[in-house]
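First chain written, first letter: the chains are A, B and C, and each begins at residue 1.
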Amino acid sequence: MSVSVPIEWQRRIERLEALEAIRRVKARYLNACDQQDPDSARDCFASGQIEIDMGHLGVFRDRDAFAELYRTLGCHPHVLDMHHAANSEIDFTDDTHATGLWSLDYRNINTQGKTVTFLSVLYHDEYQRIEGVWKITKSRSEFKTALHCSYADGPLTALLAARSVAG
Amino acid sequence: MSVSVPIEWQRRIERLEALEAIRRVKARYLNACDQQDPDSARDCFASGQIEIDMGHLGVFRDRDAFAELYRTLGCHPHVLDMHHAANSEIDFTDDTHATGLWSLDYRNINTQGKTVTFLSVLYHDEYQRIEGVWKITKSRSEFKTALHCSYADGPLTALLAARSVAG
Amino acid sequence: MSVSVPIEWQRRIERLEALEAIRRVKARYLNACDQQDPDSARDCFASGQIEIDMGHLGVFRDRDAFAELYRTLGCHPHVLDMHHAANSEIDFTDDTHATGLWSLDYRNINTQGKTVTFLSVLYHDEYQRIEGVWKITKSRSEFKTALHCSYADGPLTALLAARSVAG
């Protein structure tokens, strides 16, 4: 005989599925950034009021403004980005809201400026399940470490090695 | 009273388990590469016809051919590899087939040639459940960014910084 | 009608939850290291006898001794760490014991000594569920590759590029 699964166990399965969905939307965002696909990156965020706090790069209150900046600054043949997120710590506030901490390893090669940059960043995120789909509603970048080098003369020469991007 | 779990919920649990199994076989493959364990790396692929497309390094149609090349080129004391995959996006075609996108951070130190190489690569994978075990059946490496340096004279000197390995 | 879930399926769900909990405690440990939060890092380990084998850095038999060393050596404004773990392979010995293999990408910038270090390390871990909470009971660091550079004169100059930290 097949009957309904007790609510407690349903919720445990749904919680596991929610974890997968949240990791997935974050992965999509990061891969979209490396694929220079601003539309796909934008769709990872909720459509209403959100907060993307990128520190010295600005704070964005809606996903279109973010996508526009990203398209202008980031989507060029000479900008070579790698965004790798690890060490995720995701907590559920309730069935449709969660927070997330991630560690980002960011590497940029700028073949025009001839620079290589290694950053580590902590993402402080919030997620919301909207019409059945988990979206990012808040993402604050806490810059942790920065190594910025020039290779204009051949040797990689440190221009900045500091706790934050500001030096 | 304990009765059978409805099929819908069984499938949801099995899907979560499949996600874990797919991530696991990819992890095994990458760790085996860093452990210079070609037998273990080979066993992550299906035994029949597969496709491993490593771009300029060649295309392999069976796992033995791949393992042989890997043993010849990669398994030496002077080859120091790190393969780190992140940002996985796994989709199920059906209960026994899935596709996967991963971002790879690859670092190589060659103590013979005195070079250091940082690559980022997107893996476009396919997986199949064969006799209950998830295996990799297709893996195409899309090279995204490359920084290749020599340290023969001490300073890390950029030999190549480009969107692809070819320059 | 809602009835109890068969034990087999309960265990499968609990196994999936255990995987999440183990990944989570490892993530917390790594992020705590980057946040220079020794109390939080210490709490990721079991309170009784454990084994943290960090090779040339020493072997610790209890979490307080580890936290003390970490506080003394690691928690300074000039020490800029990034710990990124990937490729996890977690196996259950039974319902309350598991082993884990992880690949660590470690980057350190020392703004006092003006050095940059890239390490890759394999973690060989053991975990135990104690009073319902998964903790790390054993962690052995197998150092795989090391690139240690000085930037004291500007150019990143290789001081050590080797299979192990010892050279």
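A few comments on the model shown:
Definition applied: a contact is a pair of C-beta atoms (placed from the backbone, for glycine too) under 8 Å apart; a residue touches a chain by one contact, two chains touch by 3 or more.
Since the model is a prediction, treat every value here as computed from it, not as a measurement.
For the touching copies chain B and chain C, the fraction of interface residue numbers used by both falls below half; the interface is of the different-residue type.
To overlay chain A on chain C by their CA atoms, one rotates by 120 degrees, a value rounded to a multiple of 5.
Separating the centre of chain B from that of chain C, both taken as means of CA atoms, is a distance of 23 Å. Counting partners per residue, chain B has 3-5, 13, 16, 84, 86, 105, 155-156 as the residues that reach two or more other chains. Taken in their complex, chain B has these residues touching chain C: 1-5, 10, 13, 16-17, 20, 23-24, 26-28, 30-31, 34-35, 77, 80-86, 105, 107, 109, 111, 114, 116, 151, 154-156. Residue ranges of chain B in contact with chain A, taken from their complex: 3-7, 9, 12-13, 16, 19, 84, 86-89, 101, 103, 105, 118, 120, 122, 144-145, 147, 149, 155-158, 161-163.
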